[in-house]
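The data blocks that follow each hold one structure.
What follows is a pair of complexes built around chain A, which joins chain B in one and chain C in the other.
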Partner chain A sequence: MTELVTFTVVGLAIGSIYSIASAGLVVTYTTSGIFNFAHGAIGMFTAFIYWQLRWDAGWGGQWPAPIAMLFVLFVVAPIIGIFLQLVVMRGLEGTNETTKLVIPIAVMLAFIGGTNWIWQDLESRIPEPFFGRESKWSIGDAYITTHQTIVVVTALLLALFLKFLLTNTRIGITMRAVVDNRELVQLNGGKPDFAALLSWAIGAMMAAVAGILISPLLGSLNVLALTLLVVNAYAAAIFGRLKNLPLTFMGGLVIGLAVSYWNWLSGTGRKWPWLSELRSAIPVVILFVILILLPQERLRGSSLAKYRESFKVPTIKSSITWGAIFIIFISALTLILENKWEFSLAKGIGFAIIGLSMVLLTGYAGEINLAPLAFAGIGAISAYQFDVGSGVETGAGFATLAVFLAAFFGYLVFPAFGLARARLWGAVSVFTIGVLGLVTIFDGTSGTGIASRESMSFSGLIVAALIAGAIGAVVAVPALRLRGLYLGLATFAFAIFVDKMVYKQRQTLSLDIPFIGDGKDVTFNVFNNGALNIPRPGFFGIDFRKNQSAMLILLTITFSLIAILLVILRRSTYGRQLSAMKDSPAACATLGLNMLKLKLSVFTLAAAIAGFGGALHASNLRAIQEDAPFTVFEGLALFMLTVVSGIGYISGALIGGILYGTAFLVMGDFWDKLANDWSSFDWLFTVIHDFFIFLGPAMAGIGLGRNPNGIAAQIFDGYRILKEESNRTLLSIGVAATTCFWIFRITDVIDGWTFLLLFVPTLLLCPLIAEAKKKDLETEKMHPLELIGIDHSYTDQIVEDLNKELNLPFSHPKDFEDRSH
Partner chain B sequence: MQLVEVTAGYGRIPVLDGVNLELQAGDIYALLGPNGGGKSTTLKVCSRQIGISTGELRVSGQSMEGINPEILSKVGICTIPEGKGIFPNLSVQENLVVMTHTGAELDEIETATFDRFPQLATRRKQLAGTLSGGEQQMLAMSRALGTNPKILLLDELSMGLAPKIVKDLYEIVHQISEEGIGVLVVEQFARTVLGVSNKAGIMINGKIVREGDPNELEEELSAAYLGRREKDRSEQ
Partner chain C sequence: MSYLDIKDITVRFGGHIALNNVSMSVERGIITGLIGPNGAGKTTLFNVVSGLHRADEGAISLDGERITNMAPYKRARSGVGRTFQRLELFPSLTVEENIRVSAEIRNQWTRGNTSTIVRKLIDQKIEDTLELTGLTELADHHVAEIPTGKARLVELARSLMQDPKLILLDEPASGQNDIETAEFGNILRTLTNEGITIFLVEHDMSLVMSVCDHVYVLDFGSIIASGSTDEIQIDKRVIDAYLGGDL
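The block that comes next holds the complex of A and B.
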């Protein structure tokens, strides 16, 4: 009985905090239509500020609790909210769902980065509960702390206050009206901007209250843990369908109680070791379940005209050409790059391969997946387990497993290609036999011992892809009916689940797998003490273990091959179906397209690519840890940067991956080096260095997220101009210059940094110059259309230009003649 | 209210090509014409939801340049946009509360609304989105009734409604105009509105091509919609 009371009280207290946080989320969502992913991070940030004011021994510190509280709640939080609305969120109106998701994610990463930057030393910061730890009162034998009481009462008061504000005051009603129809509020004489500001301020305040109240329950302040705790409130918000406040409050309490009772039942995770981390995963499990139980959204034909995004599809020929150029380019670079930099670049390309899965899933098919790195992590773990982890001789059993997985994979993916039944089975069989062949060739399933294998096998990679694909399908099945934000949240929940239940799993799995292990149980150490040493590959007779250049080229070739495959896919009927599904699910349904098959196959395929890339990426890194590089936050950052770079393009994945894996680190290194070289400006360079390391990705996201087509499109436009006839000289100068730098470097005339300083600006400047030149020409040419041809006769060029200007079908005079013959 | 040689458009696409229009107090001006002619755009220009490229919008002889829609609605220009001019996720009562931003008192609005549309009074607490189409349009119209505007701009009042309800609504429009309020009505459903209006214009390709007495215009309407010319008709 005492235990019941104690755990109920704990659950109610935590649940109340979730309720407060989720109510803030609901307020901003109902009044701005933006799901504030940064909500948790705001709570975390304000909790740090409160700690600073209240307990830090140095700056601030020792403020009395009420004053610190009032300051944070009524000064800091509203400023954050108002600033966000004015600077970031206001520009999101009329953008598409992906952008609306990405910008708040960028803001969240900015808060996380910023907090890590400001409070970067590793001292432990322990906030005390209100009135201290000893202040408590009792019911029977159970104690209730004053802090818990305050938490529950605060939640109740805030609930009443919000309910009153939103339904009984004019400004509250107006805030809700803004979501329904912003223009109509204006026509009624209301000020939508003011209502939005107020709602963001209130939202931030609620996050702050939640953050400050929850931090003493956690022990020492931890950036990610605190952010994730408030993220748990997302489940509560979805419980209230993002608009119903009473339901939201109830949802928060239910989640809090569920977590608390689970702790009680499982003896804080000791009773069932496999589920020891479930207590931190319960909220996301609930989130996932609620999302699935939500009534299905009606099919909508999204109005394309509203969005400004449009992705050009490259031809297969050009993609092969560019793939080859890319491989040659990187190979040439390996001759001059130091090992360290090759490693960084390989890291970027590894992320880019994983990014390709997002190009397929989000860019082509319009399905948002916030868990790309969870699939990558699953791939890496699978490859590890099948190559070295199981510690058994693999043999026929291994091949059997691969065959089963391949058949399952084929069964999921191939139906979407519209094959007739007989052909379908044929294709699945061919695929399965192909996989069997590959596994046999590259592994030698003769049964000779590979327990001591120190390198990753090709078949390990294939199995990684197949397992990730299968799990992708398993996740996709329940998520098939979701779209947009809800799908994003479901995959986000999955990513957190993998973080907690797989990466933190310390158990050993013993399985009796037929044909494997000579009848003995096979043991897998799921995530060995928080770190797995993933071996480098050893196939093709090349030793990738010591040869970083070879590894880099391997990754590059893999990237190019998968990229070409994707372009072929995009150009096929299948690709057009994906694109159609993205543009208008309603139209697809009326055309009789089976979208279930399509979604299932594309999810499977994308997860397989992520798994393959993840395994390869991990083997380049040589090890993965529970907190790097495949965690949920890193996944969000990669997703964000890929979207910013242009998620509809292959090059978007490349730029996103390199930005994330390479660019910010190299830039950080650069400023670090400057700080070393000029020690008098040490402080300045250190600040710049820290800026790039902590805030680089987030700032890139916030700054560039507005362009729906991404950076890739802009860069491409620039290079396309370079290819034009008038720019031949510029192009040849550029090529000559870069080649010269390369030769200088290879002959050691210049050092690595100088090379970088010359090389990168040349790459960036050439298209800029070409663009500027073109603009000049255009302003010169700006005759009004009707005056063209008055002072001189029409040439073919002018006719062509006129057609272009008037949007008439582009026709060469030569074609004309041909046709008339 | 006056539009003088107004051109306007969406982004780079021009829609209005020199529109001249004058609305006197107590007038009901019916702006008719086929799809894509620029009728709704004209209305949006009047309510300043769309900027003017060249030309001028004048109210009581004063230029409205730089005035935003919020202020315009406070000085008595009431716009009821296309579709239902209501907030579907707010209750009927709350919809009325939002109307008070125009400066009118809630009491006045409530009295005006519930006197005229008693059935809305019984549905006070109901979400406006769950009302029937006619009731939604009544709720939208109650802004015109309750907030004492000087000018009323109506866009496609009849869209998706039963003819009887449309007739009733126009009856109300007629009464409103008799209080000295200028009404500009944009409609495709021409016959009904011609019955109550005292002035009409046909708009094609961003220009008002004919303007005059509603009864005279009625004959030309079918020509305008079907794209036939006078000449063709005389040949028949």
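The block that comes next holds the complex of A and C.
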């Protein structure tokens, strides 16, 4: 009985905090239509500020609790909320769903980066509960702390306050109405802008309350853990369908109680070691389940007519040419780059390969996946388990496993390719036999156990892809009905689940699997001590262990091959159907397309690409840790940067990957070097360095996230112009200049940094100059309408433009000629 | 028996009743019109027939078979095609690709054959349909670049690639000028001659009156009149509903 009371109270307290946090989320969502991904991070950030004011012995510090609390709640939080709305979120109205998701993600990363920057030393920061740890009262034998009491009472008061605000005040009613129809509210004399500001201020305050109340339960303040704790509240908000506050509050309490009772039942995770981390994953499991059970909106079409995203698709031939150019280009670079830089670049390209999975899934098919790196991580772990780290003998057993996986993969992916039944089975068989062949040929390793496996085999990579694909399908099946934000949240939940349940898994599993392991038990060590050593590849007779150039070229070739494969897919029936599904699911349904098959197929395929890329990337890094490089936040950052770069393009994946894996680090290095060289400006360069390291990706996301086509489109448009006849001189100068720089570098006339400083601007300036030139020409060509026929001739183009403008019958100029004959 | 049978359909949006016990039947091989003021429930009825929206009450049968709870894609496969009032084209694709993807989807669920002969047949069919709808010149344009009037034709062409037995056309003439509308009327007659049943929602009365064989009038979610075009034009309730509109 005592225990029941204790755990119920603990659950109610945590649940109250979730309720407060999720209510804030709901308030901003109902008035702005934006799901504030940054909500958790705002709570985290304000909790740090509160700690600084209340508890730090140095700067600020030692304010009385009520004053610190009032300051954070009524000064800091509203400023954050209002600033966000004015500067960042207001422009998001009418943009597409991906943008609405990406910008808040960027804001979240900005808060995380900013907090890490400000509080970067490793000091342990321990916030105390209100009235100290000893302040408590008792019911029977059970104790209830004053902090818990305050938490529950606060939640109740806030619930009443919100209810009053939204139903009894004019501004509250406006807030609820804004999301339905902004113009209507304006016509009726409401103030939508003020309502939005208020809702963001309230949202930030609720996040702050939650962050401050929850932080003492954590022990010492930790940026990611605190953010994730508030993220748990998202499940409650979804429970209330992002609009119903009473349901949201109830959802928060249910989640809090579920976590607490689970702790009771499992002896805080000690009873079932495999599930020891489940307590921190329960909220996302609940989130996933609620999302699946929620009645779905009916099929919608492309909801916004004004939003036009136009991704140009290259021809297969040109993609092959570009692939070859890219490989040659990188190979030339390996001749002049130091090992360190080659490694950085390889990291970028590794992420770019994983990014290709997003191009397929989000760019082509319009399905959002916020867990790209979870699949990459699963790939890396599978490669480790089945190829390097476990007792699985390569050979017959391994081949059997590969065949099963390949057949399953074929069964999931190929039915959407539009083959006749006989051919379908043929394709699956050919694929399976192909995999069997590859696995047999490239079975280059010998011996068992970590010690004897010094390199990763190609078959390991294949198995990584197939397992990641299979798990992708397992996640996709329940989530098939979800779209947009809800699909994003479901995959986000999955990413957190993998973080908690897989990366933090310390158990070993010994199994007697038939055919595998020669009759001995096979031992799987899921995530050994928080790190897995994943060796470099050892196939094609090349030693990738010492040769970073070879590794870089291998990654480049892999990227190019998968990229070409994607272009081929996009240009096939399959790709057209993906585009159709992305553009208008409603139309697809009325054309008789069974989208479930297609979605399942593309999910599986994308997960497999991510798995393959993840295994290769991990092998380049030589190891993965529980907290890098495949965690949920890193996945969000990569997703965001890929979207910003142009998720509809192969080059978007490349730019996104290199930005994430290479560019910000290199820039950081650059300012670091300057700080060393010019020590009098040390502080300035250090600040710039820190800015790039901590805030670079987030700022790129916030700054560029609104262009639906991404950076890639702009760069490519520039380069396309560069190919035109009139720009031959410019092009030759550019090529000549870069070649010169390269020769200077290879002959050691200039050092690496100078090369970079000359090379990158040339690469970026040429298309910009070409574009500017073209713009000048175009403005010259534009004629004022009233002068047409007076001082300009009446060209076919003008006729066509006018017809279109005036909505006249669309007569092609050719028709005129035909009729006149 | 009529080809499409709509029986006692009721649809509510919250407290708002968009369709109130609506029954109508669409006869095989003719053009049936559905008119009514804005917000009368016409699009909602089409959504119910094509399966994009579940009716709260009532039943629908197609050629004698109950389809009330069938998934939209299955209804499409049993021969119901449609176009959308708010265009639902695929802007990532060109005009030709918009039509091709439809043909390919159909080919996939009928034969699933990808032999050269079938591909040639598809190519031929696409060419014919482009010709019929007068879109040949625009084939390689992205659909985002073409005028609305033409985009409506792309939707029609796309639907035709499914070999539908019944097409629901939701205001296909809006965005078209008079010449285009007249041509559109001709296309519709060609289609009925080929045996396709047409169910047409349209605000352009000249088109409705010139092509329809039978017309239903919907107002505030209820049918207020039905009959031949001549009967409709003199019906008092219809004139009232349109407040002396351009009938």
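Rule of thumb we're sticking to: the second predicted complex is superposed on the first by the 768 of 821 C-alpha atoms of A that agree within 3 Å, B and C clash if a C-alpha of one lies under 4 Å from a C-alpha of the other, contacts with A are read in each partner's own complex, and residues count from 1 in each chain.
Here, a contact is a pair of C-beta atoms (placed from the backbone, for glycine too) under 8 Å apart; a residue touches a chain by one contact, two chains touch by 3 or more.
Here the structure is a predicted model, which means the values were calculated and not measured.
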item	value
Partners on chain A (chain B, chain C) - clash or fit	clash
First, second, both or neither for A:351, with chain B first and chain C second	neither
Which of chain B and chain C A:37 touches, first, second, both or neither	neither
Partner chain in contact with A:111 - chain B first, chain C second, else both or neither	neither
Partner chain(s) touched by A:486 [first = chain B, second = chain C, both, neither]	neither
More chain A residues in contact [chain B versus chain C]	C
Partner chain in contact with A:177 - chain B first, chain C second, else both or neither	first
Chain B versus chain C as contact partner of A:191, first or second or both or neither	first
Which superposed partner A:589 touches (first chain B, second chain C, both, neither)	second
Touched partner set for A:576, first chain B, second chain C, both or neither	second
Chain B versus chain C as contact partner of A:167, first or second or both or neither	first
From 61-69, 97-105, 187-195 or 205-213, the chain B stretch with C-alpha clashes against chain C	187-195
Chain A-touching residues of chain C, taken from the complex the two chains share	50-54, 71-77, 80-82, 84, 86-93, 97-98, 100-102, 104-109, 111-114, 137-138, 142, 144, 146-150, 158-159, 162, 175, 177, 179-180
Partner chain A, residues of chain B touching it in the complex	47, 49, 68-71, 73-74, 78-81, 85-90, 94, 97-103, 143
Residues of chain A defined as touching chain B within the complex	167, 170, 173-174, 176-177, 179-181, 183-191, 243
Complex contact set, residues of chain A against chain C	298-299, 301-302, 305, 308-311, 418-421, 423-424, 573, 576-577, 579-580, 582-584, 586-595, 804, 807-810, 812, 814
